[in-house]
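This is the structure, below, for whatever I ask next.
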């Protein structure tokens, strides 16, 4: 099992008047992690993938065990749990040092330009498989 | 059981290059619905509530059965499922016409200025109770 | 001269750790005001306009004379200063009560699906003209 | 004269239905560049600076000579034009390869926790001075 790792410092723009990350901003970080995973982990640039299709999120379940503050150095780790014909389910965690900040599980669907599910190209399916681990 | 209803047109800023709502933007809409619920449903202005505390989201689980497009008129409905000592769990749905676009379940925690859970004031607890229904 | 007016309450999502509107969020409000202006002021739904073209901002100059806080009720006012062949220049202000919060001047360009400037349809040009006033 | 340089790839989250950067997202990039400049260029972590004050933008003037697309590698360059008692004016440009994408000029104001202008600490003023160049 290989984990994909993504680093994200908590920036001013992520934080709310309580001084902690505003939770919708975590979903932008999650999306950035997925984009970096396709770019660097799978060597499939996200902008190429989106030329003839898209990768919407069908469901996402997220826990935030502790808040993150401006300046925190977050480390995201991603693993693939299941690769379907046109979908993939992943688990992602984020921590700061030893402190857990986020755990999430979500399903992406590969769709064509008309919004219909489309089978993963074989090379992507094979690469996704190399990041598979046991479900958390 | 009373449902709180919130209307949100899908705006240009919500949409991605695939022409559909970028999923992190849904979480901004969800937060706007919660803010409107406190303002209008509970008559507790969100900015008052945040003067001496905050209301972070501890967990949120979301399904997106179909995409939303620029110009769609979304109707969000909120009900409270459980009111704890310093927390509340809600269910929210969004639809466009008869088409379901989002269902979510989440837990808010009422915290004080130091980030510690703080019991709901009695008036808020009582008002939250009036929006309680069966768990979806 | 007719002014187009747009109301926007300052929401939790707009505010930064200093408790004031994070300035990039003002530009989302400005864009929302333009979208509402096309929808309601010109009766040209923004999503229709974007089916075969787009309306990027070529330049924008903005002053923020005082900060806005969570809960402030902002009133935006828009007037058109100049309508070119495929462009339009507008002035926008936002205030809370009598207090000025934002003044801006910007130029929009109407482009086709290939990104080339495209002349305004006559009906839009005529309607834009009805919101023209003296440059501020 | 020293320029501070900041690299930002155009990500999916930055782009609109027309497939180009939605202009409010540029202002988030501009803010991220300023945050990186304080962190790395001045060695004054932005989260430290915000513990007892803030750095709002008083005015910002921006031109976008050409659109940016998903996947573009943007290079931002920053120089300081003027350092006042509690303010600083900067010029920023962004390009992709040889193509200009953004030029901006803006003024930051250093304020205390009550929102009043506060003189720059001497060390910050001195460091800001080292990034000064001629106004563009």
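Just so it is clear, A, B, C and D label the chains in written order, and each chain counts residues from 1 on its own.
Rule of thumb we're sticking to: a residue touches a chain if its C-beta (ideal position, glycine included) is under 8 Å from a C-beta of that chain, and two chains touch if they have at least 3 such contacts.
This is a predicted model, so every value here is computed, not measured.
**Student:** Count the C-beta pairs in contact for A-B and for B-D, then report the pair with the higher count.
**Tutor:** Of A-B and B-D, it is A-B that has more C-beta pairs in contact.
**Student:** If you average the Cα atoms per chain, which one ends up farthest from chain D?
**Tutor:** Relative to chain D, the chain with the farthest C-alpha centre is B.
**Student:** If more than half of the interface residue numbers appear on both sides, call it same; otherwise different. Which is it for chain B and chain C?
**Tutor:** Chain B vs chain C: same; shared/all numbers exceeds half.
**Student:** Using Cα averages as centroids, what's the distance between chain B and chain C in whole Å?
**Tutor:** 28
**Student:** Measuring from the mean C-alpha position of chain A to the mean C-alpha position of chain B, what distance in angstrom results?
**Tutor:** A distance of 23 Å separates the two centres.
**Student:** Taking the mean of the CA coordinates per chain, how far is chain B from chain D in Å?
**Tutor:** Each chain reduced to its C-alpha mean, chain B and chain D end up 34 Å apart.
**Student:** If a residue has to touch 2 or more other chains to count, which residues of chain A qualify?
**Tutor:** If we look for residues of chain A contacting two or more partner chains, we find 12-13, 16-17, 22, 24, 28, 31, 50, 70.
**Student:** Note which residues of chain C are touching chain B in the complex, please.
**Tutor:** Residues 11-13, 28, 31-32, 35, 45-48, 50, 69-71.
**Student:** Okay, in this complex, where on chain A does chain C touch?
**Tutor:** Chain A residues touching chain C: 12-13, 15-17, 19, 22, 24, 70.
**Student:** Quick check: in the complex, which residue numbers of chain D touch chain C?
**Tutor:** Those residues of chain D that touch chain C are 16-18, 20, 22-25, 27-28, 30-31, 50, 54, 56-65, 67, 115.
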